[in-house]
Amino acid sequence: MTVAVKPPAAATVRAEPCLTVHGLTKRYGGLVAAKNVDLDLRPGEILGLIGPNGSGKSTVMKLVMGLEKPSAGSIRLDGTEIAGWPAHKVARAGIGLVFQHARPLMRQTVLENIVLALLPDSLLRLAPDSSVTDRARAIAERVGLGAVIDRRPGTLAFADLRRLELAKAIARDPKVVLVDEPFAGLTGPEVATFSALIRGFRDEGKAVLLVDHNVKSVAALVDRVFALYLGERIAEGSAESVMADPTVRRVYLGGSIETAARPEAAFKRESLLTVEGVDVLYGKAQALRGVSIHVHEGEFVSVVGLNGAGKTTLFNAVSNLVPHAGTIRFGGQDLARMTPAAIARAGIVQVPETRELFGDLSVLENLDLGGHHLSKAEAAKERDKLYELFPILKAREGQSARTLSGGEQQMLTIARALMMRPRLLILDEPTLGLAPVILEQLSKALERLRQTTPITVLLGEQNVTFALPHADRVYVLEQANIVWEGPPDRFATEMGAAYL
Amino acid sequence: MFDKVGRILCAAVTATLVLNASAQAADPIKIGVIAEAQSVAGASIPQAVQLAADEINAKGGVDGRMIQVVTYDDKSSAADAVRAFQRAVSEDKVQLVIASYISEVVLALMPWAARLKTPLITPGAASNEISVNVHKDYARNKYTFHGYLTSHALAQAVCDSAKETLVGLLKAKSAAIMSEDAAWTRPLDAAYEECLPKAGLKVVEHVRFSPDTGDFTPIYNKIEAAKPDLIVTGIAHVGVQPTVQWQNQQVPIAMTGISGQATSSTFWANTNGGTQGVLFDSVALPDVALTEKTIPFTQTFTKRFGGAPSYAGYMAYDATYYTAEAVKWAGSTEADKLIEALEKTDYTGTVGRITFYGKDETFTHSIQYGPGLMTSVLGQWQSGKQVAIWPANVATGKIVLPPAVKPAVQ
Amino acid sequence: MSLIPARFILIALPILVAAALLPLGVSGYILGLLTIAYYFAVFSMAWDLLFGFAGEVNFGPTFLIGLGAYGAGILNNRYGLDIPLCLLAGTALAVIGGLALAVPALKLSGPYFGLVTLVAVLLLQNLIVVFSDLTGGEIGLTVPDVISIDADTNYWIALGFMTVSGLILTAIARSPAGLILQAAGQDPVVAGALGFNVAKHKIAAFAVSAAFSGLAGGLIVFYMGTASVGTLIDTAVGVQIIIAAVLGGRRTIVGGAVGAVFLIAAGELLRPLGSLSTFVVSAAALAVILFVPTGLLGLASFRRAS
Amino acid sequence: MIGLQILVDGFAISALYALGAMGFTLIFGVSGVLNLSHGALMVTAAVAAWAASAQYGFGSYAGAAIGVVCGLLGALVTYFAVVAPIERSKAIPRAEKEIFILTGTLLWGIMIQQLVAYFYTDNPKTVLPLIEGVVEFAGVRTPRNEWFTALVCWVVIALLWAFVNKARAGKVLLAASMNPRGVTLLGHDMGRIYIAVWAIYGLLAGIAGVLLGMFLGVSSYSVGPLTASAFSIVVLGGLGSVTGSLIAAYVVGYLETATAYLVSPAYRVIPALLLLVAVMYLRPQGFLGRR
């Protein structure tokens, strides 16, 4: 049976929370993704759950939805303990989820997708019901899908796919709606429409939990913000108070930054890497829009931007791992027709966000695979240099990569890339999920690298503290566009406030 | 391979010519042959039938009616065989079908022979079930003739040959039965258990193994541990593997019994000579004059098809002849009359004197086994040739001991 | 969104009427051929319900068929039960088998589940040989009773059975419950988040698929008069069923029927090639898979334009 | 005594199972392909070796070599004619590549099986062993060929292990089986790695096929059971784990041999099948597999 909840007469915030999370903890092996999270959500309230990548916000959302089982803690919905329930029971109890990446049934039409959300969980519903279809049509009209109702999701525009997800949530009519990254990939006017739809939930007396990376994008919408970092709460309160919170600022912006930029004129005129007007589409979503950057030989360039801004996509386009429009040239050579492997051999070596280590191989073997093209003697020499840079790797030489800590894995990934003797080293979010003390070590190593070798680096980061000190030049990437370019010392004054 | 294609073309051309020629003469007698073209035992069946038909036609046919053969490949599948049977009867209007050496296929065809009221002769399937089914429901299943020996009779043949040769010559006193675990070997093994002791061989071990066994080491070790003087086999799905491993492992015990694959002339090549010294019972062997017809048939067959016939080839050749006789006798190809005539068959063919058990006997419509009727030959592989050891009157050689076997010391 | 689209009826009805009138014009051989093809059509359609809708790759359709066929056959052969009772019991046995397969299906995915279904077939095959006293072993089981010996009657029964099965399976696949099943097959996480008990719907799909497979298996036994491993259980038979469904067009239900009739007809037309016919049919099927992945129905662009 | 017999007999057959399964799991590990024409490739190699030596009069060594080469060629043809086109096809949705590769290789296996049966009949054949005779070992008599089979299997397995763990080129394959994206970023083209892996697979399947032909014999009917047995062993050991396959091969080999000795040869394969079902229920990732 469809759960029918009568909306309260007015959008008043009732005192009693409908969703109470207490002491919620989730461990994956040794990693604690969520630690003792306490959270309340009241009917008619929009709560923003924010935190950088790896902060545990998605985990919390999945735990509430029943997609993962909590290690400890309680989740109560209107007083009923639902922690550990399977997702379908949680959904029937009145919680709905709007996935960040639209996950419609690709083989069904838009209408059928909405009808699906309206159906009871019954095996015996064999006869089609025209009233269900009528309701589905009404919902489609409400979210603005009326014109495309008989099309399949594969042919829809990106925003329409997100609309479809919202339509499904409306059809389910839950008491609590969880929305994952509501505005990712949307244009300005689209954001306005979606905000209105989400406010619609609140006005009907539903409780809404918005999950996003940063406060800014949801500030206009939320009643309250809850900030997570490394699985723990770091701040809670109004959007303004959280944005002003020193801990939050440190997490996102870091403390005071000393920069040591070399002027662009110090480098050769022609650049080593030139990216011009690159566009990337993921299905219907625009991941990069007309992006142009350049890197000179020997230069250290940082691209800063929040998660989802398009940094990884940019690097993948450079390595020709994603189809793209526009031109990318490296040392005068057009990369369009080269395979990713050939590009790597030509000297552009990536240290990907996901690290891509060979988990069952030892540290030494991982390094040797990086030095595959060198003679044995040269490889050994190169390796020794890197052991100097990252002494911990020498101590861990025989250990398999899987057993290393996150920071050690990151160092190994960088070292493995350096074994390739890159002309251009691309570092994608090296700080992801690392503790501050490790960040410092990594930062020192990068500085040393910059001082002692003629290496060219392109760094992608959301952590500005980490990205700026080494940088000669900085680009800011925001929602698929480059919005700022300049030396790091001007970043704080020109971009600092707008960034968070 | 070009040989093979050529042969098919030849056969096709012949078939067409025969068809054209006979169109002008009296109504032809149409015989359908359903067999397994890819297996050695089955491939001989259509060839032998065609050979017999050509011979009969060359002599003017049956009362002026030519025999026309239509062949179908069942790819060893019962389902394919049933389709072929339906096609043979309703489309190609054959009056009798000679089909298959596989019991599963023949049993699947039996209901169709009954339904479409068309006589069916199998020249090579051994299951007792076939003739027992005829006996149990004669009115319905009388259309099926078991033109080969039942498992029961085969066991009897093995015992008879063992009694007269192996017990005497090898001084064997005990035996181990080694059979694949399959439905056709159940009655065979039961008959072995009964007749081997009567022949003077104590059964000291009885191993039944899965038909998809690859490694026979455990089986031979188990048998060896029981110290029999003889291994009596009941195998058809396997043959090459147990034989080769018997030789490779130098199992010091002679092997005899029913080994479907050992009867075929390619067995030596398939086992790389591993079959040296292997004894086996067969309905006939090349170069063994069971009757005056055996050797001429073998020679013509070998000349025409480039290899000796399989056991089913002999039976199929004879089946064609006694069918022709029955048609002549009945004066018609009408099914009921033909069956009546077939039941009265008393024909001396390449394998001996062929007569069928009657309606009141357990194995109705199966070929009668016994001295003076049809018996079998005990053959042995010796240096690439199948040599007949028994019965004495047709023997072409003397028994030799397999390489690893020492004679039982008395 | 009616269960059976009008266009489908427009195309299928004349074909079915023509098929029903066939016995007036063609020989028993063609009828026999089509009779078997129709039963195989049901096998393939039942398989497609699992693959195309529940998203489960079942390498062991013959496990379910074999249970139905041997369950029915043994009861008739050993205990002389009436045919309808035997069919009922066989179908029930197949459904139990289907449920037994559903349990691992919920836990395992992809090749793991595929292997379990394959092992189920191998085990059944082994058991039939081991218990040959009861089952007739590798030479098969002969049943004393058949539904009819008249080729026309058998043909109509098979045609009717296929039509009814096709209609029921299509209706299920297109019903609201079928939509939920598709969701469960395509994206179990989303289906769960939308409040659907994925396990329940998949188990039901297995039961339905097994029921049709088992019933068709039983009917074949009482048509042929025999049951054997080679005709009903061997993995080669299962392969043929899967190929028929993929060849005809996955996720269409009816595609299974088209594929099955095509395969059997092609095999028969190629009979003059002798033992090479299987080779040619396999090669043709491979070519279709490589070049027209949507299958024969996709080729005929039968599916709704989007 | 019987214990020793089981130990000795199980050893060679298990080694053969291991060799047969090893290439199968390697392919899966590196490219995620389950090649259901595996049995057909092994049979091709064995029948080619048999035909070359028994029919066309090449010596037994030359015959064995021809068999292995045929296995290699067969594997490469399988990759280029069946697997690669499906992987490249734009008409096949990514989610369905797996079922298409399974169906495609299955059909391909049937085609090979039919060709073998057409040209060389479906009668089983044995390849002339390179070594004849028997050895007595603690009262257990075993054919030299059985020891030879076990020896060759282990030598090949050891060579493969050494290649993958010691040689630089081999390490890349190993790395590719763990993380294809990782090796791409290190400058290795996956396309070339696939070809290399299929070639190694072909060699392994060829050697295993020829040895099988010498030790136990093959026929066109062996195609299905050989594929099924490799599939089972590989899943039991954990898909993609070479060591796991090795362990699983020995478990299955000894389980079958022990059943044949201690229970009955008629029930030989049943315990292994039941074990497989049990493992799938309790530990679906297999002995050493990771999920």
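Think of it as A, B, C and D in the order they're written, each chain with its own count starting at 1.
Following the convention adopted for this analysis, a residue touches a chain if its C-beta (ideal position, glycine included) is under 8 Å from a C-beta of that chain, and two chains touch if they have at least 3 such contacts.
Everything numeric here is computed off the predicted structure, so don't read it as measured data.
In summary, the chains found to touch both chain C and chain D are A, B. Across the assembly, the mean Cα position most removed from that of chain C is the one of A. Between the interfaces B-C and A-D, more contacting C-beta pairs are found at B-C.
Each chain gets one centre point, the mean of its Cα atoms, and the points for chain B and chain C are 37 Å apart.
Chain B has its Cα centroid 74 Å from the Cα centroid of chain A. Centre-to-centre separation of chain A and chain C, using mean CA positions: 46 Å. Shown for chain D are the residues in touch with two or more other chains, namely 117-118, 266-267, 269. Each of residues 38, 76, 181, 210 in chain B touches at least two other chains.
In terms of which chains touch, the assembly is arranged in some other way, matching none of the line, ring, star or all-to-all patterns. Every pair of chains meeting the contact definition is listed here: A-C, A-D, B-C, B-D, C-D. Note for the complex: chain C touches chain A at residues 1-3, 171-172, 175-177, 179-180, 182-183, 186-187, 189-198, 200-201, 204, 251, 306. Of all residues in chain A, only 65-67, 86-89, 91-92, 96-97, 99, 103, 105-109, 111-112, 115-117, 119, 121-129, 132-133, 151-152, 154-155, 168, 172 touch chain C in the complex they form.
Looking at the complex, you find that chain C touches chain D at residues 51, 57, 103-104, 107-108, 110-112, 114-116, 118-120, 122-123, 126-127, 130, 235-236, 239, 242-243, 246, 250, 275-276, 278-279, 282-283, 285-286, 289-290, 292-294. On the chain B side of its complex with chain D, the touching residues are 1, 4, 36, 38-40, 43, 76, 181, 207-210, 212-215, 217-219, 221-222, 238-241, 244-245, 248-250, 261, 264, 266, 269-272, 274. The touching residues of chain D, when paired with chain C in their complex, are 34, 82, 85-86, 89, 91-92, 96, 98-100, 102-104, 106-108, 110-111, 114-115, 117-118, 224, 228, 231-232, 235, 239, 266-267, 269-270, 273-274, 276-277, 280-281, 284.
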